[in-house]
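Should a chain be cited, it is by its letter among A, B, C and D, assigned in written order, with residues numbered from 1 in that chain.
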């Protein structure tokens, strides 16, 4: 940490700062510039980060020079993490996961129909929500455990790993009985107790970026899961809030190479929730692959007019098939592989 | 709902839309303008909101003309809600609540010292965190139940109602044993299961606005609590994310008159978390009162240099006393009263 | 336009509204729903847009159903516009323009060196700033006319069309003597008098999106240029302001397919200014092509350590050559062509 | 400036950095921490700011510890600047300017009517736009010089200083003949050539904050005017872009105490443009005064139904009179004076 002194600091303030820093158990180093004097503070980094240096009289600013995440960092693990998702599907290190399926599970027949279609198109993970975070208490909240059972049966029948959202620490044990991959939604990215809970399961966790989370915030939330014992976190960019209301959210694709520089964890993109507009999903799926994403998450519904939740933002199966076809071509240019579920 | 047709819609698409709307059980009305044709859809509003109208071919846009919240709305209840917080303190309808205290409970002695100081200055609710949502898993996470017991004892000794945060649906029962007011933090504003859980307790709930929540999102989260059976929700503006990093967040005071037009629920401001800068807290506290807030939440610590959490953003007790003095004068101009805890 | 009445409107207010609407010369149509009553207003659209309907008593909201741009719209011109930039280079309709060069023109020798390198790599338009918009009055402001002359000579020698920024309506005539393409910077996107002025020249105009401009704002600024007589506007996404300070701005690639749905004008991306980080430029260049951009603008400098302006965000010539190579492969997948300047 | 080295930097990179820094004419100081090594660079600050340090191999980050503005800074001038606006009206140092009037000048009779009303209510500066920056080329663009003449005559008749917007460097001389105060609109805050031009006039300049400008950006734009020779700049907060579309913009009142800590220049607030909603203007005007603003800018129109531009956001004269009455009471509490034009 670097303490920047106010331009009009007094020597007694400087002395007080140095004493405080020593009291807290750190070493320091004074550096006098033409316009500003600095105190470099050296010590064990977690303790440093929490030290209330900014409150000491005479201090103008305190600047951190270290990242607050560790287990998630490239410095901790230099090579890309690769996770096995089941059925021969991998993500990371050049392997792309293509998640597809309806927003909510609405019944076995319809899920099976959609699942068959996306599998045929080339998706390698099936999605479907059993517990739905809805902004209105009066909207459809999901089928619950009944939905989880349907998802499991359809995944088994189609030989596809499945992913579903968990919203409550009390549901983790239940969801763990049925899913291959846990999803933490954007609204729960900083639900720290839920993060700690999925840190205890054996399945990989798909962690969606919060609507106003920085890349550092996202990695800190991943750190919670890693620090709780689960090393298999897959990050997901799903759009942030913006002033332009012509799209539902704003897909921030630069976070993909940005995160890849900071962490070894895979990161995928979700153009469905990011744009909320089927007409923009194909282009943004292609852009995600070209940006280096480790996968793409797309909502597909065979009959959006009837979907109980988020229907309008889903692609139809034939549209999805077109998109996957071009994603394959782009993946090849980018030197990536899309594993097939077996 | 109003369906806007694409400029090049066909008559058969229009007919299909009208059939679909009827199938869903709604009435409709066609309106042909010079440039656009509209279909007004009339029916029971919750079902309308969830109807996948946008997915029907030929539809360009679907515009809602009704607000999605009900129990929280001024249309449901025209006059301001006034809640009794205990010890003679009220909020709403001209009564201001002044919450003060440390970010985290660090021990009984220090909480008592701070509590005495803020009570003497004029605060009428004591705050202190026992469960702390921290972005880093390596930061101090709060004292837990031990902290709750300390808060209860100090509140009783000082004859002040107390408020503390709950982060997990599993903690609600525990926290309910000790607190007078529940706080839901910004990061949990859309933790819908937690909202439903505090909807079942008898204490009022202080609901903080999420970092990128619109006024409508905030009211929908309040609606969850109201719909679960707890009518006593106090809204709190605590700053949203912004591009200007010179303050921690951006205090959006216009949400105060804005929300007051839409809802009967009280709304207070939290300049401590909004600015993260003690030098800006006094001015923003005054502005909050003048904007019509039903209270102000300020962190106070007798020794910020030692605070375990968020210390640098706290005021010292003498600074707080100054701020309360001027808030009293402004409250008088605004025709408001600051009840004293007894 | 649709007028939404307040829930508690009176019949005399409704009558007053209808009279006012008629007075303004519009027709109307009343539509009574279960919860809200609407008045559809029909008339000539520009006059409608400026009519102060919202100020009439009893009005809750006024909703527009038409886009405010015309000449720029797909409804006005359905097929993609294709512009000839000189030297056989085209943009739009499947032709990609690759702009490269230094941020600022610093001298003839260095510009020639960079120009040769980017031409060899495959760039088809050379850039260089002679008038620089700098946030500080104490920063290097550009070489002015001397710089324009250098740019012209280097463009001629290398047989490449050139683009340079104009900041002031008084400079348009001067810049027109030297440049093939005008650039309007992000900070001047709503400098309406400057837009009107470049609407009178014969060269194409590269219009950069403002830092907090919506897609509609961008198209309205293009409309100014088109309405002033210059039909050749090339839009450019260069990043918007965001809360995440790990990149300089936030590249919003969804604006590319979004704009393409609304307008016939070409749109390119500028990952250099959007990210401000050379390590992210390659990935974001690839993503731009895959998103459907009609070109990519990249700053290249042969010696970033010495660049007088924005040096750190430039690629080195060999890095640029790598990026172009992969952009060619991606363009092929996307069915696009990168013309060579001849 | 502080250079932070990459964790895996080599000693030869460090040596190269030190050589480069010396070559550029600066001194340096190496500081080795447990995890990171730093190089402090000491030298003349403008040159430092423009030095391309970030491009040198081995450099991870470059952190600035000095503010980029000078003439505008509190360090340059510690006490508040107070400007005489004519007719006995002052702003700054405890004097509040109350600007009122219509958005656009529409005719002499109507301006006189509004002017009389706002003067009687207590406004001390009259506003009116003759050149209007409109997002659509098809909207009313203002009366031009004819409007300026009307404004001058009405100001003289009512004995009030007047303020009007200038949008183009070519108009500065013309506008200077008629106005007492220049206004630079939000969209032109970084129109640097326009700033330089109003830096040469003798009248004070009301500089509005851009829609996504940080406090530092605003002060840098003020610096352009100051550096061009005009010391009389009045800053104005008028709302920034936000994701919540229930208000036109988002009024950021914390910028008032924030700016006051950094600069000696006065700063006022404009709740009309910030909210775009007459129902929110009173509360936000009161909040502005309580936040420490040096004045409030409010649009007033005697007949908003007929206003040609921005009518719906204007207050009616009797509403304005109410607001001024309470602003007087609040100003008294805040120890401020509202001078009367004489």
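To be clear about the criterion, contacts are C-beta pairs under 8 Å (C-beta built on N, C-alpha and C of every residue); 3 or more make two chains touch, one makes a residue touch a chain.
Note that the structure is predicted; figures quoted are calculated from it, not measured.
Averaging C-alpha coordinates per chain and comparing to chain A, the farthest chain turns out to be D.
Across B-D and A-D, the chain pair carrying more C-beta contacts is B-D. For the pair chain C and chain D, the distance between C-alpha centroids works out to 26 Å.
In terms of their C-alpha centroids, the spacing between chain A and chain D amounts to 39 Å. Here the CA centre of chain B is 31 Å from the CA centre of chain D. Counting partner chains per residue, chain D shows two or more touched chains at residues 212, 240-243, 245.
Listed in rising order, the residues of chain D touching chain B in the complex are 212, 214-216, 240, 242-247, 250-258, 261, 274-275, 277, 279-280, 282-284, 286-292, 326, 329-330, 333-334. By the touch rule above, chain D contacts chain A in their complex via residues 2, 4, 7, 29, 31, 33-36, 38, 40, 42-45, 61, 63, 65-66, 75, 241-243, 245. Note for the complex: chain B touches chain A at residues 20, 46, 49-50, 52, 54-56, 68, 133-140, 167-170, 187-188, 190-193, 196, 211-212, 217, 220-221, 223-224, 227-228, 240-241, 304-309, 311-312.
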